[in-house]
Amino acid sequence: MLVPNHSVRIRDLTLTFGAVTVLEALNLDIHEGEFLVLLGSSGCGKSTLLNCIAGLLEPTDGQIFIKGRNVTWLEPSERGIGMVFQSYALYPQMTVRGNLSFGLKNARMPQAEIDARIAKAARILQMESLLDRKPAALSGGQRQRVAIGRALVRDVDVFLFDEPLSNLDAKLRADLRVEIKRLHQNLDNTMIYVTHDQVEAMTLADRIAIMRAGKVLQLGTPDEIYNRPQNKYVADFIGSPSMNFLDGHYERGTFRSGDLSISMDGYKLAMPQIADRPAILGIRPEHVATGALVAAAPIHGEVVVDLVEPMGSDTLVWAQVAGKPFRIRMDGQARVAPGDRIPIGLDPAKASLFDAKTEERL
Amino acid sequence: MADPASLNTLAALDPVHGRTGAVGDMAGPRGRRPRRALSRGNIMLYGILLLVSVYYLLPLWVMVMTSLKGMPEIRVGNIFAPPMEVTFQPWVKAWAEACTGLNCDGLSRGFWNSVRITVPSVVVSIAVASVSGYALARWRFKGSEAFFAILLIGAFIPYQVMLYPIVILLRELGLYGSLSGLVLVHTIFGMPINVLLFRNYFAAMPEELFKAARVDGAGFWRIFFQIMMPMSLPIFVVSMIIQITGIWNDFLFGVVFTVPENYPMTVQLNNIVASVQGVKEYNVNMAATLLTGLVPLIVYFASGKLFVRGIAAGAVKG
Amino acid sequence: MRLTARLMGASALCAAMAATSAAAVELEVTHWWTSGGEAAAVAKFAEALNATGTHTWVDGAIAGGGDTARPIMISRILGGDPMDAFQFNHGRQAEELIEAGLMLDLTDVAEANGWKDLVNPPDLLDACTYEGRIYCVPVNIHSWQWMWLSNKAYEDAGLPVPTNWQEFMDSADELQAAGKIPLALGGQPWQSAGAFQVMATAIAGTDAWLKVFRDKDSEAVMGPEFTQVFESAAQAREFTRGSNVQDWNQATNLVITDAAGGQIMGDWAQGEFALAGEVAGTDYSCLPGLGMSDVISTGGDAFYFPAQDDPEVTAAQKELAQLMISPEVQVSFNAAKGSLPVRGDVNLEAVNDCTRKGLDILASGNIIPATEQLLSPDTAQQVNDLMTEFWASSDMSAADAQQRFADIIASAD
Amino acid sequence: MAATHDTSALAGPGAAPARRPIRLFRNLSSKIAALPMILVATVIFVGCTLWTVVHSFTSSRLLPRLDWAGLDQYERLWSTPKWYVSIGNLAVFGLLSMVFTLLIGFVLAALLDRKVRGEDVFRTIILYPFALSFIVTGLVWQWILNPELGIQAVVRSLGWTGFTFDPLYDADIVIYGILIAALWQGTGLIMCIMLAGLRGVDEEIWKAAKVDGIPTWKTYTHVIIPMMRPVFVTSLVLIASSIVKVYDLVVAQTGGGPGGASEVPAKYVMDAMFGAQNLGQGFAASTMMLLSVAIILIPWAYLEFGGKKRG
């Protein structure tokens, strides 16, 4: 019972170094043609997972399947994967052409075929003129393009990216990000992309796997991750500025924090029936209605502005709610000053409610 | 080369730089500013370096000067004075005439033997050490580090202690008395330091490069030969220098593991230097010493900056 | 040749070479005789062997003395690729090699040529004999009990040349005042130990000496005779100050160049005098037994022949052994070496003053064994260590040294 | 996403190994390549060491033999004055040579790192003695320090007749005479390593220190040296291994004299093995040397290589 629409399957993958567990019984299914981003802060195991998929690290336990084939103990080159590294990892003593052909030569491909593939990759990546240069003579962006080309020529099933844009400056990063996205659209290969940058994750991914301490906390589309974070960590991790959290209590459809009380009508509970319990309410700064939109929101209130951070496209306003800092994202043109009292509106449907103890979504 | 008089111009030419100057200069304002041509710090700096150079050059000076003097002048004159009458006779004698026992053909008979011993020993020992260092740095397996630790501790064993067991071992292997046996011995004793250097060097090379090559389907050997080696010239130079020096200067193994017609140059050197025929012929001794040291010295001078670069990568990171 | 042949890895070639050389064998001989007189002496052996027309002498000289050469010899033998002959002090050093069956049995050569009858004194051959078989050929007799004096040095100081140890000590102060080093002594440990035991034979007498060195009687060490030896040595060591040399022949050279008054050294020192063109009696004087007792020890050098597989090599080895002890070679070799021949039947008309004195004492039978026949190398080394420390520094008192010497003798094996 | 844990079914027929390969054959090329090193480490270093230790309990004389003698050799060793002199000398020589080699090596490197004109020349001058053997080094310095030929004679001939400098013939200071030669030969390499280490220090560190107004020397002692820990470790290993083995230099320079005042353990071992023909004694002495090296090194090696297992 081969499952053709699954490109990469990871089963109970565990990796330990001595007493340290880096990956813990991890399961993950990646669809054919999917762009999956592994997102997490450093040390969460995302690069380790990628290295395991690539075959550069040997798991302590568990198995990996690519296109239905158990590749757990195969050499990297036998897995049908291509990989792009943060530091480009171009062979300094070889020309661009040499870099591109190295893997093909190792696979004993006929020279004519190699030439054809290089020509094709060079065309796709618009680097025909660079083929006879050494990496030292290339700019950072060009180098990364060569690195992608190296995966491209091998005509692989799965592309692996290990923080490929981290070494580039902001402008170049944005350009190359678009290029990678376009590449994916054109090629339709499965791509697994490791990053700690949530913008890259949100913009590129079909689905995002948020990792922490060797586990996948949530796997979902960017929309799901953003709107329905499975737990407080994911909620906090995604979004900038990050989500506001209010500590309080959930009692029969109402969230209470101090003298604040918010009716949760319209909030879709993860489980139909839950008992009263301590809870945390999360509200994204951009989901707080201000100005003309307040009227449309189910819940209304008023806050005093502490601090204003104008950012051009929008304005971040700091206030206090239930005795804690509370961020509100307003329109860039909004004119507020510290001390102003402004009306706000909340929509429980856009909020997130977490169990205070488990920090899981309620 | 840098005599005090020229320091003035040298210092003026020196580009202004954040890291130059003595303690007093540190309080100065940031950024570029003209530097005093002959600062107190510079005089001290070059003064110390010149003094140090004297200490290091003194023995060489003594060796060269003495080797150019005749014995009568050595007996009366002081050893630091240049020769009043330059003679190359001691060099000729050391190279072609000095006797050891019955053989009066000086160092010349040992020179080619030394070459024949040194070349394969250096090649084999570096080949083995580089591959081992590469395996230790990039392809660790269970216990590999333990073996390496043992190897390092082995560097502390005086090798004369291991002479007899190794002799017995080589006898059992049937290699005793052959050139391959001697090469093997040099490979063994060159291993700790060279494996350490290569291991550190390869470990300091970018790991992603290695990973990329693996994804590209290159295995252990292909990565070594096509990716690692072309990038490792400095460390190969360092290792080569250390091995050439050690093997060229070796006396004990050269004499224990060969027969007289294949004795290396150091055996003749020992015989010239240690066998005193009444009066010690210091001039011949010094000429012989210099002649024997010439090969490693030339390798040093020729390798120049590569040595520091190689050391930088081989010894500093780890 | 051997090495290169192996390099090619062609055993066939080896065989071919052996075949063409037929009876002609290259004999590799290792020794540490590299100083002037010694090298000249070795050359006599080589010439004699090469003169046979069939065999060739391959010289394996290793300078630096026995300590440098010995590990090389033992390694070669242990490694199964021994040289064909090597120099060793006979006596107790080689016993183990014989026991292990690594040495060639020379008994048949010795019997065929009547070594037993011609080697004089006979204990030289005894030292080569192990369980009734003969394993080495003694080549010379060396005696330690000599003092060499520079006539010119004493002349320079306006002093008469001493005729015995007592006179030497009495005039040493004046000699020193004249800017000479009274007693030349090199820094190598065995020289200090040798000088001491020579003084012991002269001052303590043969009986006390034998009690200590032969019978290992530590009480004799503490006796009055040896107390006197130690006290005299303590005085003598002050007269060695200024002889900043290491090697024995450098110390001898101080006497030859008249920078030093005298040196206690074995008769091999005479080879250096001869090489420098000095004449016994006119340029230098010699005092056997330090002029106090006419006793000399009969140590010497011997050659051993490691057992080889090739019968042709074995034959050549035996030929060389017989050659070394043949009358002509004995004369020429010992003349160059400054030592005495091991056979009593050779004509020694041409010898000089000092050698004549030695021969006379030898003929009178007034001889003692050499220390290396009595002490194991291990004990000898301990004595060397003690003596070098004692002679080098005024810090160690005669009594302390005597006590430590007694301890060493008590534990000697 | 219903995870079917039926993994074996996922692997198609004829697909690559579903079973974990045998442990021994994984990473096989590496193991084969490392085989010479493994053999050297085990057979030569461990094997020969064991051989030595075993024979130290025998009364082997000229040839290694298994005549058991219990602890005799050790009792003898520890009642021999020369052994005490030897280890005392090694302690003094070792400590001084370690301190001075590091100090001189570092200071010279720091001086050369100050953008010195002609750095190549100075560096070559300081490094070249490393190309010469200890025997040559000992010989030359024996000569320069010889009171009749060398420095003392020259200074005296200049009129300072009372000048005395004869370290090789004065038992109290002879070890310093050897130190002078050892430093001459060995500091060059350490200087090079230190220089390489200094070159590895980020320029920004210097800028930061300068901005903070930290004096140069303080930047070295408080910032740079702590950053160069690996450099110092490598240097220490190199220096220490040559100190323990010091033998040729002493033989060439003093032969252990005057009066055995410059004896060192390695020479004690050689003298016992080849001079006294008492192999057992030599092996006992070298076992003691190995033991002390092991006591110092094994904890270090454990910390250095045992702790971090990340591959």
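First chain written, first letter: the chains are A, B, C and D, and each begins at residue 1.
Throughout what follows, a contact is a pair of C-beta atoms (placed from the backbone, for glycine too) under 8 Å apart; a residue touches a chain by one contact, two chains touch by 3 or more.
Quick caveat, the model's predicted, so the values are computed rather than measured.
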{"item": "Touching both subunit A and subunit D (chains)", "value": "B"}
{"item": "Farthest-lying chain, centroid of Cα atoms versus that of subunit A", "value": "C"}
{"item": "By mean Cα position, the chain sitting nearest the middle", "value": "D"}
{"item": "Centroid distance [mean C-alpha coordinates] between subunit B and subunit A, Å", "value": "54"}
{"item": "Whole-Å separation of chain centres (CA-atom averages), subunit A against subunit C", "value": "88"}
{"item": "Chain centre separation in whole Å, for subunit C relative to subunit B (CA means)", "value": "40"}
{"item": "Contacts with 2+ other chains: residues of subunit B", "value": "160, 164, 168, 219, 270, 273"}
{"item": "Where subunit D touches two or more other chains, by residue", "value": "26, 270, 273"}
{"item": "Residue list for subunit C, restricted to those that touch at least two other chains", "value": "71, 74, 78"}
{"item": "Footprint of subunit C on subunit D - complex, ascending", "value": "61-63, 65, 80-82, 146-148, 166, 169, 171, 254-261, 270-278, 281"}
{"item": "Residues of subunit D touching subunit B in the complex", "value": "26-27, 29-31, 33-34, 36-38, 40-49, 51-52, 64, 108, 111-118, 120-133, 135-137, 139-141, 143-144, 149-150, 153-154, 157, 184, 188, 192-193, 195-197, 199-200, 203, 206-207, 210-211, 213-217, 228, 230-231, 233-235, 237-238, 240-241, 244-245, 247, 266, 269-270, 273, 279, 282-283, 286, 289-290, 293-294, 297-298, 301-302, 304-306, 311"}
{"item": "Residue ranges of subunit B in contact with subunit C within the complex", "value": "99-103, 160, 163-164, 167-168, 170-171, 176-180, 252, 255-262, 267, 270-280"}
{"item": "Interface residues, subunit C side, partner subunit D - complex", "value": "66-67, 70-71, 74, 78, 93-97, 100, 187-189, 244, 246, 376-378, 380-382, 384-385, 388-393, 395, 404"}
{"item": "Of subunit B, residues touching subunit D in the complex", "value": "1-2, 10-11, 13-15, 17-23, 26-27, 30, 45-46, 48-49, 52-53, 55-60, 62-63, 78-80, 128, 131-132, 134-136, 139-141, 144-162, 164-166, 168-169, 187-188, 191-193, 195-196, 200, 219-221, 241, 245, 249, 251, 266, 269-270, 273, 282, 285, 289, 292-293, 296-297, 299-301, 304-305, 307-309, 311-313, 315-318"}
